[in-house]
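Next up, some structures in C-alpha cells.
Here come two complexes built around chain A, the first alongside chain B, the second alongside chain C.
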Partner chain A sequence: MLDPGFWTFVGLTAGIYAIFALGLQVQYGLAGLLNFGHVASMAIAAYTMAILVVRFGLSEWLAAAFGIGAAVAAGLLVGLTSLRLRADYFAIVTICFSEIVRYVLLNRQDLTGGPEGTIGLLGRGQAAAYNTDWEGLVGRVREMVSSGTGVEVSRDVLMLFLIWLVAAALLLVVRRVSVMPWGRVLRAIREDEEAASSVGKDVFARKLQALALGAAIAGGAGVLYALQFSFFTPDDFEPLVTFFAWVVLILGGAARVSGVPLGALMFGLLFAGTRFFDFWPLSLLDSADRAYLRLIIIGLLLIGLMYYRPQGLLGRRQEMLLE
Partner chain B sequence: MNASLRGGTAVEVDRTRLLEVRDIVKRFQGVAAVDRATLNVADGSITALIGPNGAGKTSLFNIVSGFARADSGSVRYRGRSIARLPPHRVARAGLVRTFQQPRVLRRLTVLDNLLLAGRRQPGESFWRALAPGAGRRDRELRRRALELLALVRLEDRADAYAGVLSGGQRKLLEFVKALMAEPLLVLLDEPLAGVNPTLRELLLQRLREVRAGGGITFLVIEHDLGSVMRVSDEVAVMSQGRVIFQGPPDATRRDPAVIDAYLGSADAIVGSGTPG
Partner chain C sequence: MAGMSAARPPGRTPRLVPAASQMSELPQLVVDGLVSGAVLAIAAVGVSLVYGILHLVNFAHGDYLTFGAYAGLGVTALGLSLVVATVVAIVATAMLAVGLQLVLWGPVRRRRAGLLSSFITAIGLALVLRHAIFLVVGAGSRAYPVDQFSVERLGPVRVSISQLIAISLSIVAIAVIGLLLARTSIGRSMRAFADNPELAAVAGVDVGRIVLATWLIAGALAGLAGELQGLIQGAFDPNMGWNLLLPIFAAVVLGTIGNAYGALLGGFALGLVMELSTWSVLGGGIPASYKYVVAFLALIVMLLVRPQGLLGRRARAL
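So, the complex of A and B:
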C-alpha cells in the first residue's frame, strides 16, 4: 500500500473522474438534468481524437479539439431532440444514446477498430498509436525537469500533475460561473422551470447550454483518458462509468462544486484500493471475485452515506429539507 | 407618438388598450374553461378580474402570459399579437404574471429570488460571467431588491431561504418579484389570499403607489371584492368562461347580469357561490 505507484494510480483515476464528474455536476448539480449517458461524451471525444490522428493524419492537438467538439455536438443533438421531454424520459434517452454509441464503436470495426480497441485502428497486424507526439512532449518535459532540478519524475507522475492542473482550472471556472447570475438562473430552472420562465429566463436554451458545457468537460476528460492510457476499447465506456460519475457526485454532495474533487479522491481510493484487498479472509476469494467486491463496498458506502449525510460530504443539509 | 413598425407600415397603438383579449377559447377535454372571453386593460389602470371559483380567470392568465395556448382568439399587447410567444418572451416584453400558488424558489434566498428577476444582467452569460466586472450590475440590482423587500416588510428575511417563508410572506415575495422584472403590465393572481388584513392594506396601498409612481399597469384577480373594488379603476367579471361585464366599480355593483351570476349569491364576497 505504500508503493508510490499505487498512489499515482489513485491520483490519476481520481483526477480523470474529477473532471468527468465536474461535467455531470454542471448538468445535474446546477441545471438538474438527469444524464445517465454521460460516458458517451467521453467515448466520443476519445474515439474522435484517435480516429482523426490514425486514419486521417490530423495533428494530435487539432484532433483533441475536434474530439471535444464532437462530444459537444453529440450533446447538442441529444439536447435538441430530447430536452423538452420530462426529466425521467430524458434520462432514458441519454442512457440509450450512450449504449448506441458503445455498440457503434464495437461494431463499426472498419472505422473504430471494434472490440480490440484503438490498437486495431489500422486493421490486424499493425498497431496503431494516436499519441506519439504527446508522448514525445511528455518525454521532453521530463528531461527538462530532471536537467533543471535534478529530480527524476516518472511519466505517470507528470501526467498526474497535468491532469490535476486541468481539473483545478476547470473547477475554478465552474465555481466562478456557478456563483454568478449564470449559476443562479440554472439553480432557478432546476427548482421550477415555470417560475424561471415567468421572469424571462429562456429555460430550453439554458438547459442546452449546461448540457453542452458538461459534454465539453467530459470530452476533455475523454481526451486525457486517451492520452494517459495510450489505448482503449469500447469496454472502457460502459454505463458503469456514468454510474461512477454519479457516485463521485453523490459522495461529494451534488449541490457543491467543491465537493467534486473530494468525491473523486474518495472514489479513486475505493476504486484502486480494493485491488489490494488480498489479506485474509478476502484472500480466500480469487481476484475476479475481489474485483466485484469493490462494487459491493462502493454500494455499501453509498447506503451509509445516504443514511448519515444525505446531502453528501460537503452539501448543505438545510437546503435539502426545504419544502 | 406611440407607433410601432410592423411589416413596414406604421400601426397606431391605442394607449388606452395596453392589453386586448379577444374571443379567447380554451377547452379541457371538451369543456370550455374559457369561452370567448374578451377583455381590455387600459394603460395605467388597475383592472380587477373577479368571478366565482372555476370561472376561468387563472386559465385566462395562463394564456395571456404564454403558459398555455388558446384554442382560438387573440391576445394583443401594446398593439402586437403575443398569442404565440413563449412565456419568457412575454415576460421580457414587460408582461409579468404571478401565480395563484406562489412559485417562489425555495432553495434560493429571498434576495436571490428577486435578483433572478432582474433585467440586463451581463453575468447571466457564461463568458461574461468569467470576465471581471460582471458583479457591478449585481450590486445595482441588490439595492433595488432591498428597496422592494422593504416595501413589503421582508427586508430582514433577505438572506433566508425562500423555503422558510410563510404562505403569506411567499405571496408578498411573489408580488415584489414581479415588480423586480421591470414590468409594464403585471398580472396578479389573488395577491391578497392568505395575507393578513394589515398587510393586505399595505399591499393595496403599495399597488396604488407603484401604479402612480412607476407607470405600471395591473390586472388583478381577487376574491376579496371589498378591497379590490376600492383600488381598481375598472372591474371585469368572469363567469363560466366568459367576461360578462367590464366597467367602473360602481356600475359593476348595479349590473343585473353581474348580480345574477355572481353578486346575487349569498356568499359572493368569498366568491364560492355557484354561478346562477
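So, the complex of A and C:
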C-alpha cells in the first residue's frame, strides 16, 4: 500500500481519465450532448500520431498535433451528420461510430498493426516505437532535475507531474470558457433549446463547436496515453473506456467542471487501487481470479455509489432525478 | 504508402467466381442471416420491452445471455439432454432477471434514479455478472455437446444441427411471445403501459405485476438467446453476451425503441444485412470480420434517413 510506484500508477490513470472526462464535460456538462463514443477521439488521436511517426517519419510534435486534428475532424464529421438527431439517437450513432473505428483499427493490420497493437506497425519481426524523441526529452529533464536539485525523480513521477499539469491547465481553460458568453449560450441551449434559438442563437453551430472542443481535449488525452504507455492496441479503446469517462463525470457531479478531477481521482482509486487486493484471504486465489474479483468489486462499488449518492461528490441531487 | 498498397485486406481482392456459383451463394447467406438474426431478434425483444416499460437501458442484458448459455451448459455437463438444458437456461435466466428486479432495480426505481445514474448502475451490474461468471467457469472456451460438423443438406443450402435447433426454437419463441403480447391480458396491459403509463395506471393496470412480467419474459428470452448463440457460435466464453450487446441494441433501435415487434424485425434485418454483406457479387464481398461494422453503418444510415425506426411514426420521434 505504501509502494510509491503503485500510487504513481493510480495518479497516472486518474490524470489521463481527468483530461479525457474533461472533454466529455464540455460536451455534456456545457452542451448537454450524450456522447457515448467519446473513446473514438482518443483512439483516432493516438493511432494517427503513432502511424505518422512510424510510417511517414513525421516529427513526434507534428504528429501529435495532427493526431488531435484528426480527432477534431472525426468529431466534426459525426456532428455534421448526426447532431440534428434526438439526444438518445445521437448517443447511439456515437457509440456505433466508436465501435466502427475500433473494428477498422483491428482489421486494417497493414495500416495499424492490427490486434497486436502499435508494436506491429512495421510488420512482424520489427518492434515499432513512436516516442523515441519524447523519451529522450524526458530523460534530459530528469537529468536536469537531479543535477539542479539533487533529487532523483523516476520517469513515471515526471509523467505524473506533466499529465496533471496539463489537466489543471485544461481545467482552468474549460472553467474560463464556461463563464464566457460562448459557454453561457451553450448552457442556455442545454436548459431550453427553443428559447435559445428564438433569441437568434445558432444552436447547431454552438453544439458542433462544443463537440469539436471536447474531441480535441479527448485527442490530447489520447496523445498523453500513447506517450505514457509507449504501446497500445485497438482493445485499449473499447466502449468500456467511454463508460468509465461517464463514471468519472458522474462521480464528480455531472454539471460541475471542478468535479472532474475529483471524480477522476476517485475512479483511479477504484480502478487501479483495487489491483492492490492481494492480502489474505484473497491471496488464496490465483492472479486471474483476483482480476475478476477486482472487477466485481468495482461493479459493486459503482452500484452502491449510484444508490447512495446518485449526484456524485459535488453534484446536486436534482440533476440526477427523474423529472 | 508502399506498405498500404502492398498488403490489401484479404477479402478485398476481386474473386474470380463464375456467375452461377455467385448466385448459389445467396440462399446460403440468407439462411445464415436468418439464423443469426433470429437470435438477435429474441434478445432484442427483451431489451425493447424493458426499455419500453421500465425506461431502463439495460447494459447488463448481454450478460443475462451469457448466464443462460452457461446455465444450459452446466446441465449438459451433467449428462442431461439439450431439451432439459434449454428449459433450465430459460427458467434460470428468468429467475435471475426477476431476482435482480427485486434486489436491485426495484430499490433503484424507488429512489427515483434518473437515466444517467441507472445507466451507471447497469454498467456496474454488467461488470459484476460477467466477472462472476468468469470466476465460476474460468476464461477458457466451451461448447455444447453437439456435433458441429454434422450438416444437413436442404436443396442448395447446408444447415448445421445447431442452426436447425436455433431457427426452430426461435420460431416457437417468437410465436409464443407474439401470442402473449397480442392475446393475453398481461400482454395487452404491458403494451398499454408502454404506450401511456399514466393512462394505463388510471385504467387500473397493476404496475408491479407488469414490471415482474416484463423481467420474466425478457429474462426467459435472454436465456434462450444465450443458449442459441452459444450453439451457433460453436465455442464461446464469458464475454459472449457482452460482445453481442451492441448488435442487440442496434436491432432494438433499428426497429424503433420500445416497440417489441419492431425489435424482432430489426434483429432479422440486421442478421441478413451482416451475412449478405459478405456476398461476392458486392465487389468481392466485404470480409466477414467487418460484419459488425456493416451492422453499425446500417444503423447509422437508418437513423439519418428514418430516425423513428422501421415501425415508428414520425411524430413520436420528435
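Here is the rule we use: the second predicted complex is superposed on the first by the 305 of 323 C-alpha atoms of A that agree within 3 Å, B and C clash if a C-alpha of one lies under 4 Å from a C-alpha of the other, contacts with A are read in each partner's own complex, and residues count from 1 in each chain.
By definition in this document, a contact is a pair of C-beta atoms (placed from the backbone, for glycine too) under 8 Å apart; a residue touches a chain by one contact, two chains touch by 3 or more.
All values derive from a computational prediction rather than experimental measurement.
In the superposed model, A:Pro181 makes contact with chain B only, not with chain C. Contacts of A:Phe243 after superposition on the shared chain: chain C is touched, whereas chain B is not. Of the two partner chains placed around the shared chain by superposition, neither chain B nor chain C is touched by A:Asp3.
Looking at the superposition, the partner that touches the larger set of chain A residues, chain B or chain C, turns out to be C.
In the superposition on chain A, A:Leu302 makes contact with chain C only, while chain B stays out of contact range. In the overlay built on the shared chain, the residue A:Leu213 is in contact with chain B alone; chain C does not reach it. Taken together, the two complexes place residues 319, 322 of chain A in contact with chain B and also with chain C. Across the complex, chain B is touched by residues 173, 176-177, 180-185, 187-188, 191-192, 194-203, 209, 213, 318-319, 322-323 of chain A.
Residue ranges on chain A touching chain C, taken from their complex, read 55, 81-82, 85-86, 88-89, 92-93, 95-97, 99-100, 103-104, 106-111, 123, 239-240, 243, 246-247, 250, 254, 288-289, 292-293, 295-296, 298-303, 305-307, 310, 319-322. On the chain B side of its complex with chain A, the touching residues are 65, 67, 86-88, 91-92, 96-99, 103-108, 112, 115-117, 119, 121, 123-126, 129-130, 134-135, 138, 161, 163-164, 177, 180-181. On the chain C side of its complex with chain A, the touching residues are 3-4, 6-9, 59, 104, 107-108, 111-121, 123-128, 130-132, 134-135, 138-139, 246, 249-250, 253, 257, 287, 289-290, 292-293, 296-297, 299-300, 303-304, 307, 317-318.
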